[in-house]
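As written, the chains take the letters A, B, C and D, and residue 1 is the first residue of each chain.
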Amino acid sequence: MIKAGIIGVTGYAGSELLRILMQHPEVEIKTITAKSYVGMKYNEIYENYRDINESICEEMDIYKLAQDCDVIFMALPHGVATKVIDEKVLSMTKVIDFGADFRLKYADVYEEWYKAEHSGRELLKSAVYGLCEVNRQDIKNARLIANPGCYTTCSILSLRPLIAEGVIDLDSIIIDAKSGVTGAGRGLSTSSLYCEVNETIKAYKIASHRHTPEIEEQLSYACGKDINLIFTPHLTPMNRGILATCYAKLKDKYTYDDIRKIYEKYYGDEYFIRLTKEGVFPETRWVKGSNFLDIGFKIDERTGKIIVVGAIDNLVKGASGQAVQNMNILFGLPENTGLQLVPMFPA
Amino acid sequence: MIKAGIIGVTGYAGSELLRILMQHPEVEIKTITAKSYVGMKYNEIYENYRDINESICEEMDIYKLAQDCDVIFMALPHGVATKVIDEKVLSMTKVIDFGADFRLKYADVYEEWYKAEHSGRELLKSAVYGLCEVNRQDIKNARLIANPGCYTTCSILSLRPLIAEGVIDLDSIIIDAKSGVTGAGRGLSTSSLYCEVNETIKAYKIASHRHTPEIEEQLSYACGKDINLIFTPHLTPMNRGILATCYAKLKDKYTYDDIRKIYEKYYGDEYFIRLTKEGVFPETRWVKGSNFLDIGFKIDERTGKIIVVGAIDNLVKGASGQAVQNMNILFGLPENTGLQLVPMFPA
Amino acid sequence: MIKAGIIGVTGYAGSELLRILMQHPEVEIKTITAKSYVGMKYNEIYENYRDINESICEEMDIYKLAQDCDVIFMALPHGVATKVIDEKVLSMTKVIDFGADFRLKYADVYEEWYKAEHSGRELLKSAVYGLCEVNRQDIKNARLIANPGCYTTCSILSLRPLIAEGVIDLDSIIIDAKSGVTGAGRGLSTSSLYCEVNETIKAYKIASHRHTPEIEEQLSYACGKDINLIFTPHLTPMNRGILATCYAKLKDKYTYDDIRKIYEKYYGDEYFIRLTKEGVFPETRWVKGSNFLDIGFKIDERTGKIIVVGAIDNLVKGASGQAVQNMNILFGLPENTGLQLVPMFPA
Amino acid sequence: MIKAGIIGVTGYAGSELLRILMQHPEVEIKTITAKSYVGMKYNEIYENYRDINESICEEMDIYKLAQDCDVIFMALPHGVATKVIDEKVLSMTKVIDFGADFRLKYADVYEEWYKAEHSGRELLKSAVYGLCEVNRQDIKNARLIANPGCYTTCSILSLRPLIAEGVIDLDSIIIDAKSGVTGAGRGLSTSSLYCEVNETIKAYKIASHRHTPEIEEQLSYACGKDINLIFTPHLTPMNRGILATCYAKLKDKYTYDDIRKIYEKYYGDEYFIRLTKEGVFPETRWVKGSNFLDIGFKIDERTGKIIVVGAIDNLVKGASGQAVQNMNILFGLPENTGLQLVPMFPA
């Protein structure tokens, strides 16, 4: 059994992680921590765990955690992980970090977009970007995994084959993404109140969202060239789900089958990536509660552009599910161990 | 492996049943049928099953199903099961019926409330009412199980201990229940359109809903007396969930602990029934996606009444989960086999 | 033109009041105040007012307001109005208070339910309970109006004729009410976050909600006897609306027409109260955005009980609309001036 | 008083039209028709009109309507208006058509996108495209007005100034639009059921939606050149609202103020178009229930592109409100007569 610790268990991603790990056949949860709820029963906060999980939220003692656990999942606000993790921790255990601290290769880029100092520059080299379908070889031997963001997972995987194969114009990429409200977290903010979010839709952080450089960096690796693109997130009145509608100019004339072959080349063997049939497009309801990413596309001959649509559950493939997928890779388990979650509909 | 067949797999309960059975370690699904979708791939109707279930909807051939399957789940409109099931079928297989045809003991009562002839009177004797926590002894040896209704499961189990122990006035019972929209099914009706249901709440079928006699009959068994009560269903703008707020006059002065002991006597060992702590009340979000029934109560000394609140997921404990619980009992498995579903929140 | 001031304009009721007053032909809004937003443009908080209302939120100077305004609307947390209003203010202007401070006749009852000292006992005598359909004669000459609560308006008006005419057993009253989330206000609280409220329903403050004594007191006046009843509020995933499902034992056998005549006697001439036809029941969607209260009922002969259903928009008839109705009475205008709002559907 | 008739009053747009016209000071509604509800009281279908509108749905007799009414609003499925309207009708009355039949200049384009024969080619010349802010001069003297589509109104007006002034690359336009579910109408369809639409988002009719040629044609007029663009509609779980997120390549370097001046030049005097401040973007909640179109934009220097966001209430500015605005122009009234609707929030 893999002994796991969860730091920051009281956010939505932390709670979803617990749900997945409790149903994982190879994991024993040793410790859960939550700064604001120390000593409190977890199931008094998340009452779905009534009677089935009697854990108490503990204070974070990172070295004790490192000693007791084979893997630590950290779900903390950005800027905190770099202050908690050090070489000593990484010499004792594996760390999978949900935050942004170790996702970008260059601390300077982090500081530009996050408007904050990066206090863990020396660890950046150790970190592997945990996008499983792309980096699984590196993940296997990693000590520190930067679990990708929700928008980024959906956006990168939806577009990457087209970029890797050089079929789209790199200057033409636009990602128009729609997220459910769990993406905003459980913190108190007027803008997350039910009546402020229900029955409306908005774009936010236009051309300035922090997931932009993460998407750009990862897509750049696929083609060896720098990429600048537009990423526009939207807040949608639903609990879960991300839909990314991606646009790009095709460099040449391609048929549906040409592009289909590219996607099958990259994802034909991937358990968690499902390609929709021609004429069918992903909807977030079909992946809810699961670790799947659904991808569909359409070529618009009139404009010479391609529209790619990707859908994930932001709390699963966009956070906790992918984290567990990373754990499975780290510990040599089949990637879908404990993750063969059937999407729940209607949910 | 238990070989299972599903008749009427394209309703919401049918689809949820498939989700649960696919994750059940002892079940092999042999056949699924759906009158209006014969020959069609199930995952083109319910796209959540994309790539993970390649079943084709077949036409119902009841004797073939009976031959091939150890158990048949029937999710058909009321009045149809009685025409499909006969002694021959029951001599070959077990049947768990989701409909109302075999739930009421007396065909006359059925005919009064359903305004339709009952065409299976002779089979009524064979049927066992599949409320697992109450009837599990009878269920073990049953051939035909009438799976209880969603409102009824929640209402009966919430009130039954109080009635069995004789602490409430039988003339005083009022059940004010609130259901999510999956309870209305997937049929086409203006009243189920998004814009007709969203952002509003209504009571419907006041003092005339068909679940009323089912609740009354089952509660009567607990005390040996006839019961007439008020049951008021409400349609609530959410996909899943039933909350039953039940009111009754206490015959005497009781403390919280007095009543608590009664609930613990009946449900203390039940895996699927969770009692909330004093001052805490069930909410449908805490049971969503699971087979749990949460129960809490409050004594109002000012009026001498008790308020009991029960919450279930109508598609799981109120339909497909309970059906699988019945199957587990029928086949001698631990009742929670394949049903240790952690409620999903936020979902 | 009536010169009006609004204190506490940044809550949902305050904003709705502004919407109604802007469309009122006889009102000029002189001042709006909001403690936390002094100096800020109102339309930067509530952007629906972009370009059509350029008011600045001011600090509250109660005597200046009293001097400048013919009427002051106060939408403040309970316990604050008593500290702001005094004889001097009331000698200069009329006050319509949205809070609970002046609703209950006896300060002791207030202190028991609100767990707080009542600091305005001497003003209680001056206050008139602003339930327009009941108290319009007293309202005409009032200086200080306690605008009723949302749940209370709906509950009292739905049941009052039955109590005034003595047809129901006073010990048997149960009110099971369902409210939209605007009822919880705009304050920051985890329990008001979108993901905590969406896709779920719950009862709260069972047998302890502060609107209980308000309902009991007002209903007692209708029959001259003390009444104790059960009031159970529920939080429903929608922005607006209250549905009150009320239960009571009939003292005798009555036909639908008997009871209908009673409702028509009391409400037949009321513009804002609409009786549904036999077999039809109120739904909150049909009153959304309007000052209407819809009432329907059903007699259940099996149990000898009556079920009365009332529906209002909690922000209009349950708060700001009724406040304007009170203002119209105070200033001798037809009661529906500026309030002939057609309910908006779907909304 | 303008005598008005409404054909097809039982759709959502028809009902919203009635709401607006009832509050319009210069209109008398003479006749309402609804094919499937002839003889039925309108307020038994749309119960929000209980007691305040006692109209009966009549059968459509087009010549009688033309005789009795100064203006006829037609809300019929596409392909029907061309069969109902003829020269005789237009010689007797004005017609404002909500459908698509007269929106496209060329019948061939209609037939290509609508996959249906155009049976009213000779009337196309008479039709004026009723986009008020653009065509008000032509509208004044029109006999037949093609009321624009919902997506199209929002998209065209959001982009038009940029195209008219030649600042964007015409090959680069992408419109990613999100609509509430009222846009799908009140017809029975599994895809409009609550549980199929709630808690999910999807793109649909990608690169093939019928509003595409309407947007392209109107935008082409602004620059005298043919335009091909991508238009992607999305179905969003909310009742009302359209948000159009529009992308285009800027031909040159422009500052925020440069572009702001362009928008002010075109819309500075428009009552119904509201420009948001720099850094603020439209959200559908701020226009709900009103005839406003809110527009905001951002220049992304990194990519040289501009993102323009427009928001309307699809049933008001996207349908019935704009129809009334057209009527006001036709009859020489101030354009905002009866349309000074304050957006309702939260709604």
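The definition used in the following text is that contacts are C-beta pairs under 8 Å (C-beta built on N, C-alpha and C of every residue); 3 or more make two chains touch, one makes a residue touch a chain.
Listed by chain with UniProt protein names: A, B, C, D = N-acetyl-gamma-glutamyl-phosphate reductase.
Remember, it's a predicted structure, so these values are computed and weren't measured experimentally.
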Which of A-B and A-C has more C-beta pairs touching across its chains: A-B
Pair in B-C, A-C or C-D that repeats B-D, with over half of contact pairs matching by residue number: A-C
Centre-of-Cα separation between chain B and chain A, whole angstrom: 37
Averaged-CA centre spacing for the pair chain D and chain A, given as whole angstrom: 39
Chain A and chain C: spacing of chain centres that average the CA atoms, whole Å: 46
Sites on chain C at which at least two other chains make contact: 12, 182, 195-196, 198-199, 237-240, 283, 285, 288, 346-347
Chain B residues within the chain A interface of the complex: 12, 15-16, 19, 22-23, 46-52, 182, 199, 239-240, 274, 276, 280, 283, 285-290, 292, 294, 340, 342-347
Chain A residues within the chain C interface of the complex: 12, 181-182, 186, 188-190, 192-199, 237-239
For the chain A and chain D complex, residues of the former touching the latter: 171, 174, 176, 178, 180, 195-196, 198-204, 206-207, 228-230, 232, 234, 236-241, 243, 245, 247, 281-285, 288, 298, 300, 302-303, 305, 307, 309, 346-347
